[in-house]
């Protein structure tokens, strides 16, 4: 119930931001539509804790900036690898074990790995909590193996407590 | 000027990506390149919109981005559908 | 600005011809029914570009409705492109559906093989099975 | 003025009467007596109608009845002129005889599908009237085709495989030829001359070169395959499988006559005799027709089947008319016109006789006819008269036509034509007279037993007509003269 | 593909904003390029994405085939009905001015309804096309 | 003042983004196999695009356009990795061998090669319940 | 009275809207039994409106209808004059008769579940064709062209032979290329003139500076339409498409689809570009005459060698289209009248012929020529209709085919091209061959097992067939009405007032 209301509010905010026209007609339509989608989402199941994980916002506030910086850093690394012929590429495929236990946590971790250039989550084995990763360089692979991202995602999963 | 330079860079990039769609060698290479070209197109439209002071087409870019991804998934699905005999059973569940 | 517009316009013209010829070539040269459809879509998409030319995306007025609702501006080129796209999607979907049913009925989507299967006495016997199977 | 007006309505009546008969026959199918009466009464009424036209036509009137304008410049028109008058007169007269005979034949042989038979017959007569009275080529073509179609069920009346085969040959030849040859000829004519109306003196003079004219004439002659000019003659012997009244219709009343009528009419009214004479465009046809005459006569000599022999006789006789038309002299054309009438009465007599023999004794072969003249004296007497007319001996109608043709050929110094006429006369005698001789000179072998009385009455009447036409040739002669006078 | 948790969560997460965005485009068609067609495409793309990742059955629980097959003509019917009503009110076919007392409101209503019809038809057509293909490949 | 800052910031973001986008595209050409190209694409599709679009958003200031750009960025950051992941998984499943695996194996000898092959097999298996080689982790 | 006046005012839109709404209703209701009555009702309304339009146009000359009330500059204008009112009449009337005919044929040939779909597609195709004919907007014509095309592909694919799928696919490829060519040409016109309204395009053409753009536009448009109307040698799709489609669909397509394309070509040739224009070194009329002649001879010859009657008739259609385009190329009153008359007449006779074949298909289960043997005995009425249609195709006097060919020959002579008249007649002789072959089998061959077991088609199919055959005869004897309408169309196309 609360999740549904939350979704409706989020959607309505989204509506208002997009709209730019604040007539009775459009705002009214926004309210009806936001509520309607939230209810339908609840009924058909796409607005559950996986579809609308509103409770992770707080954790995200701590995690996302770090991720952004990581992205920039590895971007530069990959760009140099591409542009500099002297830098060898050492692509490798390997597995890691995964700390985050919830679906949202695991997905955040997998996507974070993929988002940072140089590493891609190729396969997810939830039953054994293992990812298969492909990395462009040895450094990239080491970065993942170091487990820092794992720890931070676990913290994000728990709501921001490090 | 900056916008124009960026636009030029994106255009060149798209040209390079186009080479990959032609060269392949695997379907996935082509698909990957096509997806990136789609993203390039989004950038082109966005940059052009600002270049000409008419950012009205951003709605289009959002739509296009969505279609771009749906397209990739659809193609992937097309390649994998044949190899998943248990899909039906799963659907039934 | 006008240089940009001119460059863009020339590039668009060039692209139109390129896309058209490439699409048509694929339709004619390819034997695979699906690939032909891809070529066909490419060929059709040259139209969208063509109609962009007068649409003045580059430095023209927005195809929008005057907020005061008394005069409707001419949204023509975009409506036209949109319409052409709808038509293209419809054609592509129908073509793919046909290709799939051909695959079901003939077991192949290579045009020459399909045509060969309807020739001769063996084809005559198989035809009646029809696409409904 | 009133004469023309009444003439117009008579023209319409000439089409309406047989059509109404056809409808009545269909409606009265369950009541054979009434049905057959309808045929008879219709035939009489038609005869009266046509007869009523005669005085006007002889007096020089040419009544017109526009039927419908298909499109500007494209009309269906009826218009009577001497040749058409003659043809209509012959056909309507012989319809009476044929009706009487048919009733006897159909009942005597207990034929199935009699209603269909009489209805189709009536439609065929209507089509014949249309052909005879057509005012232009398009109208003529339409009725000409209708005639082909309406006689098809008659030819296939027996519905045996053989009959169906014959019907197929019949229709394919006739329709095929008219579609492929006659129709293009008409269109060609229409656009060269700007009209397809029949006009005395022709409409093509000066508008088309001699060679083209010869080609066009060829299209007409072979397009009108009903005239059975070789090599388009096969359908006629094939159609012999039909019942005898049908053969009579084909040979005497309507079908083949429609063919030669068309050719004669085209030479007179489309090409113009003078034009043909001047250009020599029809000279080739003299040879082709002459060949047909001789060849058909020779084949007739070898045929044992009586109707087959008569069929080849018809092919030869028709080519007399075609050859006369090709000679393009007024005298020969008169001869051709008269021969249409003469051949009609005499050939119908021969077929009636053949049918009577079949009905009474189921004899179809010449070799089986020994002494039959003694058992069926009326029939075979009539046959003999018909045969004399075919040969062209007085006192029969056949003499008249041949005489004019011979005179025409002679006056033009067409010695080939003269020779053909003379030689073929000998051949005619050679294939017809032995039959009469066999019938009367061989022993009887049985009592006198004639065919049903209706048949005997009919064949006696036509035989008498053959003689009477010789004795009183005024009407055909005047019509034939009017045909070539300007 | 749908066994994959990454995609499943992504698809679920994106659905609601996508639908909202579709309707945003629908309702703001007057103010820029867009309207019923794009909105229909976006919404349909959302459902198709959902189907691609979560399976045809799941998508059809969301939007059933029977519904789709009726929505297509229904959209056209709305379109035609607006035209007919404007004819009945004395205007030409699809002339929206007579739809309300005030021509401006007439235009608003007319455009809105017609766009709604377009939305329904485009949305359902795209989904119908996808369903047709997906069900064939699965069988 | 803020205008100038905004212009500078947006210019830098756009230019840097364009650079990354172009670099990624070069990577498309230079990288030896699909999986390495995947990383190049990543550079274009996430870093490059996100930077350019943020630059445009800064350029746009507090307008609806900026809002839309932000949504576009969020959408790309969310769906991009999911797509990349799906593509990689699909390629692996379809039997495309990563160059890295081979090269790595060659260096470590035949034994390692066999292990790597098993890793790939495990990663591509449709039902990955069976025990997976743990060697990768220990290594 | 005022209600009628109100109806009159909306006739142009009613003509198109009725089948469209009918399709929507059929698709919404989705009940097999209800589909046919709805379809017939829709076609009836459309036909009535078209019929009424004939009178209105005769009074007013031109009826213009602005969709949404916009000026033609912005909106779409439906524009009816003597030219397209004839097309509307033919399409609606033939569609109505076809739908009347369709019920039992469809029930036999189409799976139950697809019947509503079939009728919906028939109506959509009809609406598309009518829209193409009625619109005064070049792009709108493209939209309607594609509407009719897409529904046509679907209809063809519903044929029961698997080759129907291939035929539909190939037609889709060709048709789409054609439509795209057309819309490219329209785009070039739009670039040059800034408008899509045909009347406005004509007004602004003189101001167009670049003749090259115009030539390109004309070339694209003509080639595009030529593909759709199966102008030789772009006809390869047609025999298969007509050959393997369900019978009722074949009737509709063969009678109407290519005719509308012909109309569109006439509109552009006469109304927009001018018929006597030369594209580079070649004259349009010269090329058109050449291609028409090729169609008349080659397609007729091809028809002679067909073993399937539907394909035979389809090749005949290609040939007959040749006559129509020949009439266009003559570009004089008689020739154009002939062309438009032949549009009418060919619709009637081909409709009758394909209906008859549909009846045979229903009763004998085959449309192979050999399997038609002897149906003259077991299905006489059907065979008679087929015969009349065949004679019409030849152009026998007494059938409407003769009248149209008459006008064509007349047009050839008016143009000082006597040799063309000869070609018309000569090609008709080839028609004698293929029609003769057909009729020979029908009437003279011994019936096979299927033909012997066959009985006459049900009355609901027989009556429409005989109606079209009867009209073929009627208009062959009294062509006043169609000739007047066709003549008026010719006059308008040539720039005069009817």
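Residue numbering begins at 1 within each chain, and the chains themselves are lettered A, B, C, D, E, F and G in the order written.
As a convention for this text, a contact is a pair of C-beta atoms (placed from the backbone, for glycine too) under 8 Å apart; a residue touches a chain by one contact, two chains touch by 3 or more.
Since the model is a prediction, treat every value here as computed from it, not as a measurement.
Asks: Can you name the chains that touch chain B as well as chain C?
Replies: Common neighbours, chain B/chain C: E.
Asks: Using direct touches as single steps, what is the fewest number of steps from chain B over to chain D?
Replies: Graph distance in the chain contact network comes out at 3.
Asks: Taking each chain's centre as the mean of its C-alpha atoms, which one ends up farthest from the centre of chain C?
Replies: Chain D.
Asks: In terms of Cα-based centroids, which chain occupies the most central position?
Replies: The most central chain, going by mean C-alpha position, is G.
Asks: On a CA-centroid basis, which chain has its centre farthest from chain F's?
Replies: It is D.
Asks: Which integer distance in Å separates the CA centroid of chain B from that of chain F?
Replies: Chain B and chain F have C-alpha centres separated by 14 Å.
Asks: Take the average of all CA coordinates in chain B, do the same for chain E, and state the distance between these two points in whole angstrom.
Replies: From the centre of chain B to the centre of chain E is 23 Å.
Asks: If you average the CA atoms of chain A and of chain D, how far apart do the two points sit, in angstrom?
Replies: Spacing between the chain centres: roughly 102 Å.
Asks: Multi-chain contacts only, two chains or more: what residues does chain C have there?
Replies: Only 62, 64, 90 qualify.
Asks: Which residue numbers or ranges of chain F touch two or more of the other chains?
Replies: 19, 24, 26, 38, 63, 68, 71, 75, 78-79, 81-82, 85-86, 89-90, 126
Asks: Report the residues of chain C in contact with chain E in the complex, numbered from low to high.
Replies: Within the complex, chain C contacts chain E at residues 62-65, 67, 69-70, 75, 78, 82, 86, 89-90, 93, 96-97, 100, 104.
Asks: Using the touch definition from the top, list the residues of chain C that touch chain G in their complex.
Replies: Result: residues 20, 24, 27, 33, 36, 40, 43-44, 46-47, 50-51, 53-54, 72, 74, 76, 80, 83-84, 87, 90-91, 94-95, 98-99, 101-102, 105-106, 114-115, 118, 126-132 of chain C touch chain G.
Asks: For the complex, give me every residue of chain E touching chain G.
Replies: Per the stated touch rule, the residues are 69-70, 72-74, 76-77, 80, 83-84, 87, 90-97.
Asks: Where on chain A is chain F touching in the complex?
Replies: 14, 17-20, 71-72, 75, 78-79, 82-83, 89-97, 110-112, 114-115, 117-123, 125, 127-128, 130, 132, 134-136
Asks: Could you please specify the touching residues of chain E with respect to chain A in the complex?
Replies: Contact set of chain E toward chain A: 4-6, 8-13, 15-17, 19-21, 23-24, 27-28, 31, 50, 61-62.
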